[in-house]
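The chains carry the letters A, B, C, D and E, assigned in the order they are written, with residues numbered from 1 in each.
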């Protein structure tokens, strides 16, 4: 099985060969509301995407992610050949000082697999309770495609790894859009993730079900509540919980 | 279309080919009063300058700048072939530790496009309410050209990226002048930017209108006021505002 | 005698030639409860393993470890040809920023000695008094082998050098398991180490006696008590104590 | 005109060709009392030395120094062919972490211009009001030359860039002396600079007038007083002052 | 005169040619009680050892050490051809982050001069008033030689540059011993240095007189007292003192 490798000593991307021609590349890193990685994980589960590899970096925290006894890398790459789509999902936030190297590496790798376009999923803080999706694009063609499906991001900044990837897409002329689910708090917000997926369904006809996400979200909110109480009663974090997936 | 590239692993300058022979190179980075970038953005808008590329660095904060749904790089390069002028404008302040590399890269690039001379636009803090423009030059010829149009900067220092660029111009024998609009506060001061543009009009006969800048400045002051009140009522920054351009 | 060397300027592994073909490689670094290195030292002593070398790094604290007048390196490698097993034990905790380089070096070295599989011994904080062993694996084969002997680690993260080594095993397709002895406190917990060894005995039929470990543990607890009192009466650490081995 | 260049990526020395054969190289960096650079600037002015170049480093603060509208580098090199002397003067203090690279570069450059010997001008804190000059040398010959003209520095340390240069002179067998003007405070002390120049006049018969220095010193003291009051009334530093030269 | 040089960009060792065949290499760096460098300086003085060079590093503080008007490097190397012994003495403490490079460089240099064995002189904090010497060795032969002359260091750690050098000796199979003079405080303790020299006399029959050291120690204690009072009355350190040698 052929591999696609990228290694510049700072960032290492190792995957099995990508099967899709000109795939759409979607990325979801944890930021405000964990919108990016919650949405991405839901897409991976619903589309039954196949694990094909991971991104590693000397600047990532040393951490392994456990799921049902199996060890996973914190930043993973999946593929759906049916939907000609590749997904990068991260369980760990990216330190701003590493964002430059990660986005450079990601674009170089995206070009090496002939990615058609890049979609960045993330959150954005607003003071409105309504769950909106703000959108932005690197060129007029992409802007045209999203303008009726999102609220255009008129003025402001996208910071962190999402902003860095968008800038790198612009410089290297990779068509890209950014979908930002509005959220009101720092807590995980699967509802913001759900509306981002709704827009993705409109754009690519993935037909991803988000009802499970809403239900799961409600469970997480209960769990968050319970954890907050745990923290108040002990300082030692516990390691093994079973009921719900972990975000971030 | 040919490109002009500079890449030393720390700083990357990528543009389409500069059309002007021996262009004047003007730079405006945000500093006190944001005089440099406010003046630069006004010049870009009024002279309808064409976007030709950007400067990127691993030492810049990871950020993308949004304007009407389109993604922009935070440090951009524009050209006016009519006025044989190239402009470097930045939305982000440059960390002092990066100034050395940026100014080295900028001078190398300036030489590669056969720039005739460099003009640095910036602010200077004074305690006088009057908006003056202080000027300095790297050699007697340049000093001669500005001495009747500015107040000569008799003694003191220019620090930050502007100072660094001027020093590099001196060492590499690139004729250069520094125009510093006096301002009394750390807030954006478009009036200081306007008087700097007035001097630029005297020197190069650009005929740039600054009335719009004054009006816009008044609106910004209102917006600043509103933002300050927002900050007092919430800790989450909002992302999507429509009314006014962003400085810095 | 031939040597096996690894040196990448950050990490240096120097040993005499490993005699075992396809050895199992076990590692025990100090973490919570010092479970990893207490268990490892006990295995080394009980199996009368032979010292074959050490790991050094410019990122380790400058320290020599004394035992009965003899100087030792803080991170040491032992071999038991009888049990076809190699052990890496550390007296010093590994700074997270070095974990990436150490685990990369360790895997490269493990491949160079044709290691068959890797077992990571560590601790995990729980709020239960019962001493359990949680287990995780890098693939289904290894998971199959441990699933009846440990409590599977359903969901969570392994951080620090242990997590980093497991991730590197996954990426480089080295079969690996992680055995985590549950402990309730930051203090040395030889009982948690003992149950980890029990699982190891089940997996590899080493027949390692852990009674001595329990007794020693009780002595350490007495010593810990005494030291805590010393700290309250003086700020100068003492250098020469005789009665008990040092952990970490 | 030929140039003498030194560039090791950390430190860059660029000058026009030095005309003097075997020049004496004098350096004055700002330290306690700014004795080194006040004395050096006075020598440059009185001997009408010619500007021949500058030292630049990525570790210097980004700063340009203004004087009568002209931009200067903060670390400058001058030559007096009449006195066969080259002077290095700095307006900025050298961060201790850079001193090693600067002194290495300076010695390499000094050897490349066949410098005969090096004289370091600096200050030293004492509790005596009398302005003395303490002296030290790298070998017995140099010690012999200064022993009747200074108070020998019996025991202690010279730290910072001056100490670093002296050590490098010793290692590379460049004859060198250190002249340290005693001062009681952190404020600029031109009187300490004046007595250092007196010793220099004895050693090299330069006949440099120091009366102007004393007068200027008195003016600076008045200005210091005024600045201290300014600081108490405003937090924004002012940029354009005319009356007095700037030290450091 | 031939030179022995070591230069790896981090550490530079420059000496004239070592005359002794297979010399014993003794090192004394300042640590607790300054035992290492006080003992070393006494040995240098009593054996009238010849200065042959120095160790320099970009990680050392920029400092020159003065003694009777002559400039010295802070880390110096001396030789006694009569006693076939080379001594490395330091006036400055070694930052832990540099210890790795220094000890690597020192061992490489020690091998280049065919050093027979290395002796490390240092202090160790105890709570006993009695001045003991604790000893440790890198192999059984060396342990055999010291076991009747010192108290064996049963269990614990040697940290800092001494520990780092001992570890490097072990890895590179250079026979080495560590002699640690017990001391009760952070202040200079020449009595601890004296008992260390007593052991050295037993081991190598140097016959070094330590009475002068005791007397000098008493003077230092008086001086320390006076300095402590100085510090209470002024914040400006004084530079020129005559009466006593400086330690560290």
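Heads up, the rule we're going with is that a residue touches a chain if its C-beta (ideal position, glycine included) is under 8 Å from a C-beta of that chain, and two chains touch if they have at least 3 such contacts.
Model, not experiment: these values are computed from the prediction.
Show me the overlap between the contact partners of chain A and those of chain E.
C
Using mean C-alpha positions as chain centres, tell me how far chain B is from chain C in Å, no decimals.
57
CA centre of chain A versus CA centre of chain C: separation in Å?
35
Which residue numbers or ranges of chain D touch two or more of the other chains?
Correct list: empty.
From the touch relation defined up front, give the order of chains around the ring, starting at chain D and going on to chain E.
Listed around the ring from chain D, going to chain E first: D, E, C, A, B.
Tell me, which parts of chain C touch chain A in their complex?
That would be residues 96, 99-101, 103, 124-127, 134-140, 143, 147, 151-164, 166-167, 169-171, 176, 178, 180, 184-185 of chain C.
Tell me, which parts of chain A touch chain C in their complex?
Checking each residue of chain A against chain C gives 14, 54, 56-58, 60-74, 234, 236-242, 244-246.
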